[in-house]
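Can you keep this structure in mind? I'll have questions shortly.
Naming follows writing order (A, B, C, D and E), and every chain is counted from residue 1.
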């Protein structure tokens, strides 16, 4: 129903080679999340799959059939655009109903579907509004609604929750997961939110400058990043990467330790440092400290940790969770696997 | 330089009363964050301050002077729009340079400022592009650039980082904080990101349906939410709110306990429950469990907690961090204050 | 049968349309479709159609300029079925002559006109002037200057100035004719380099400067008519039909003060300009309904038609200038003060011999060759520039000479 | 926009706009006023208060049949414009949303088909019409006007379409809309003001086309331009009558404009695109 | 956006209009070309046969030819200047909230509803006539000598009349374009401290550039062919002061009935028009694909 295969796909805009060459297999029913720095080509990749852009090279297969040159409408995919792309002349109701109308569904069924979607999306009160009369988050929800009422062979979501508040985002996350469980439809999902990526994905694809850095399950990526890029990208706050004497002592060019794998103490520890910034989130505290002989290190600890700028603290890395990288930035062995 | 006072400000769109009546004082140099559910009126409030919408009632004072009826340009504020509002026919360079040109700054100075901003924003390679040739996150950064090159009496940011990846978001967060420290300019910032709100704000304003629910420092709100709404809104995952026997035993209509304040164990504890969902984020695990006699509870624990669907677990609330609310949803005393 | 009749939008033609039901009543098997257009447009339209054999019309309204040209091309049918009662001999000889080629009548005149002077008797009296029986240009020039009263918004004389072969060139040609000038010599050489033209044009230009209205270079028949009716002209020389308008108290403020006189001459030269024009009905060779068409033409140009109009709208409304009988009609003479002068003007015209010197062409205020429209308009432009003060008489004449030579050479003259 | 403007601003703008509008409209206003005068009044100098006589209208009405040319004008101008729209919309769509290196050249070429002065091709066209037997037929005229206006229609539509963000059309493709549905349900409604303005402007252009409409018709298909041509500069006073005839020729289109002006300038609104 | 798929479709969709216009262009053009090398006078069927380039030579040696080319350019340029600048100004004015907006708009665009010959008649007789035109009445009211527009400033008068007719077209297109300017961009510019003039220069004008280009190009094509107004008012005079190329061709075609000469004139006009168009495309064409 929705196996998507990219074979050697590349894309250039004028001079700029945005995607050099990508091979990727997305299995039927899988929930795949694309992550990567802003501008790395996530949206472009989605648009290539959707057929909104021509590939510059390579093939796109859906269920084994070559769809490289088919029109978007023929591919039977649903998409949430990063920029929403709502129909400004239609009400919210009609925006959501549009794909169903196109599929020639009968009126009563459409109505029901739209009403259901609106309820899930907290849009019931806004059904008769035009997009221009909505808040940013409401618009984004309409865009989601337009996709989820359908039963496509795959869903493409481009940062669908970026403008929603945490609570709503939590709900929506569950709704989409539910939808996925119910329909078992392939979903390709772009997000910058680590929580979304980690909790929703069957498989995360880490992109960097149009190249795939690593593909794997969320915890795989968290535990055994294949290289420095993935190590730095997955996890927030990001992994501390340490070069120099300490790394060499561990037989690596670079040693990596996640902020949450540092034990903090006011009395004793392996390393000593001075607090530069203390960010108190309530549930956690992020400490940025200048560690003697090592440099700037971020540590995370639960709850409140009563220090402020200039205080001396002690940090001890959980060496069982240390990541080691060689001179080319590739992981050596993998300490983290054990965790 | 940038004290903003809202007196009894209200706003209606046609029939809809979006902001019933708001009084708010933003001190000079303060970093104020607006949070609230999608559609609660945050953008509207910013637009009222900016002068892009007429107030339906009340007054807006800047440094004590009544600016209610002044044009946006006269207010000397800089704004990042939620929808970017870039100039489509100008290159990135010209987009960023535009406000400076308007201020008749000389060419060399403009060039320097733009180049600096572009470097900070990772946009150096894109300076000659048009907005339509940029990715979503790049566009958003241009919008930020356009604001931060200026030296306004106050900055208004409407979800400026929503489309950036975690790493970049972290950097930008620090950049904006830095900017604030350097310029000591008032900043009004709308965000859905709890981390941004908690780490950047001097003062958080929690909005709900156009009303202010609570104003306070980040930790104040985290520790002593004034009512159920704030309690539920601040903190992620959100606070567990428990009614019934347990709450009554604590002398409240509703008892609230944050997920991070639940001690988890596989052997023993105050409550027993069955795991329904376990979300593994790497650094933490969010557990959703059905607790006997109490209902659905979310708990958060550090690192990996090796349970899956159906496992029995034991939870013990840290009663020192319990929040109690009366029948009208207002907080009673405040247990959390002690933490 | 349906006849499609192309006609101009002049008052008499409009009246004909109003009368047409009488004809269709008498001939129930014939219906009529009217195509009424402004003169220039009609001419283009009809010419294109007839030259390309489009066959859109059954009856054409054409001027005596076209009739001989078209007849020679074989584009017109001879009118030989006008009926016994038609009385072709009643037609004014000058008019009829212009419509006859090789002794065959190719068009029936609907109305005819020449040019004459209309003047304000009251202003003449005031200035102590009296219009002589046979006015000369010298007299006209003096009188015009005397009458001129710029402050009182009275111009001594109004003359055509708008460029066009049927506009200013009609008048200027007639003027030049009376000065003894001619368009072409016997070998078809243009004559603008001759002294007669220079004299005539200089006279015209000076007169307009001294005694003409402002904006003269864009005045045509209608503009001058309006000026005259408003009492802003002491004299006006133009087509005789104008008389019925200026004497109509409904539109004219000066209706009771107008006098008429014959077109002037130059000194002793007995040549009254030879302006002669008629609107005629003709049947194109392409028409498949020539019997019906001739029936209609016969009706519309008959004496009965004159009677019909007279009975319905009064004698002043009948189409003038075609039949001798009309001018013998006492009722008409009584009703129309201009009848006598009109007839006199028309009888004074001889388009076969427009000027004292011999010419290879026919035509009074025009030259009946196909090329004349373009040449005349072109020359008209050059002359109107002089009136507008943007060119001099000498320059204009020299340019006119060159332009005309050029066109004549192109057309292959002498033929 | 969301902000209301100060009354002072509005009053100033209003005064300016009315002055400009009245200046521009004056010649027409004066024509209408003149049409209500008697002929002598009409030339008696500046006067904005006519005697309100309908004399000229009555004369015009009795002299010439108004209804047939009016109907012809309607059929020809509306017909040719709609025909042109039907052909032009897909073409403009293609050029606006799938431009190639050639697009600009094609656009320019289309316009260049109008460069030949009408008088120069009168004879060829007349001959063609004669041979096809469509002289003086509504169909022939409709087709000619359609062809004359087609480049303009394409151009105007192209401009308006280009203003529409492509992403919205992409969204509709993702939603399973075929080409036809995309044009009908998404493109057209969004471009309504542009299309309306194209429609009206071209109806007017066709309505006012006074070369071919006169040259290629005689009676059956003659529209109001021919009607007017029969009132311009006859012998005698005609100002009031011409004014009346002009007013009658302008009135229908003026009224159409009146009703559609909101549509015309409503503007394309694209509120929901980031 | 533009994928291979849509490109193929696009070709198909352009086909009808392109084919129709191709026929509409080629058939008359071919006939015109053919005639232009023939000796063909409507009034003289006896004249026929191939004449080579004689018709062309004859046309461009016409004493009015060079002035008519110049007049054509002045007419086009003058009208464009007035209509584009005036159109922008009026569009901006009408974009403001004003009382009676609907009526003002209809008043402003109504000159477009007037048929060109009628417009010329109105202006000639009622407005500009030195005897009883409104302008003359106004001059007289101020004790001034009325201006004889068509004699003293013939080309200028025609420019005024034609500009009056085309101003609404420019206004309407520009106004529609103006109204599609995204509100938030305007707001952003306001926040950036741009005043009205700067917003106009940096935001509105670039936004309208395509519409302006379209106005310029479309009007140029129409203005190159203006002749009815000249015919009604000045007949190309005084002298050749208001003779433009189209009127010159008219003189040849419909006064002389020289179909061959007119055809040659037409071809020359097309060539000149193309030169103008290419020049214009160079100057403003890039605005089209923005």
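Everything that follows uses one rule, which is that a residue touches a chain if its C-beta (ideal position, glycine included) is under 8 Å from a C-beta of that chain, and two chains touch if they have at least 3 such contacts.
Remember, it's a predicted structure, so these values are computed and weren't measured experimentally.
Q: Shortest hop count from chain A to chain C along touching chains?
A: The least step count works out to 2.
Q: Which chains are joined by the largest number of contacting C-beta pairs?
A: Chain pair with the maximum contact count: D-E.
Q: Calculate how many whole Å lie between the centre of chain B and the centre of chain C, each centre taken as the average of the chain's C-alpha atoms.
A: 91
Q: Could you please state the distance in Å, as a whole number, between where the Cα atoms of chain B are centred and where those of chain D are centred?
A: Each chain reduced to its C-alpha mean, chain B and chain D end up 54 Å apart.
Q: With chain centres taken as the means of their Cα atoms, state the distance from chain C to chain E in Å.
A: 36
Q: Between chain D and chain E, what distance separates the C-alpha centroids? Give it in angstrom.
A: So the centroids are 15 Å from each other.
Q: Which residues belonging to chain E are in contact with no fewer than two other chains?
A: In chain E, 1, 6, 42, 132, 182, 187, 254 touch at least two other chains.
Q: At which residue positions does chain C touch at least two other chains?
A: Residues 44, 48, 52, 226, 230 of chain C touch two or more partner chains.
Q: What parts of chain D, by residue number, touch at least two of the other chains?
A: Chain D, residues with two or more chain partners: 2, 43-44, 122-123, 127, 170, 229, 232-233, 269-271, 273-274.
Q: Within their complex, state which residues of chain A touch chain B.
A: It comes out as residues 13, 35-39, 41-44, 82-83, 122, 133-138, 140-141, 158-159, 162-170, 192-195, 198-199, 218-219, 222-223, 232-238, 258-260, 279-284, 286, 300, 302-304, 339.
Q: Flag every residue of chain B that touches chain E in the complex, lowest number first.
A: It is residues 50, 52, 71-73, 76-79, 81, 83, 85-90, 98-99, 101-103, 146, 150 of chain B that touch chain E.
Q: If we count contacts the way the header does, which residues on chain C are in touch with chain D in the complex?
A: Chain C reaches chain D through residues 4, 6, 8-11, 14, 17-18, 33-39, 41, 44-45, 48-49, 52-57, 220-222, 225-226, 229-230, 241-242, 245, 250-251, 253.
Q: Name, in rising order, each residue of chain E that touches chain B in their complex.
A: Touch residues, chain E against chain B: 182, 184-185, 187-195, 198, 202-203, 206-207, 209, 290.
Q: Contact residues on chain C for chain E in the complex?
A: 40, 44, 47-48, 51-52, 69, 73, 162-165, 167, 213-218, 223, 226-227, 230, 232, 370-371, 373-374, 377-378, 380-382, 384-391, 396, 399, 402-403, 406-407, 410-412
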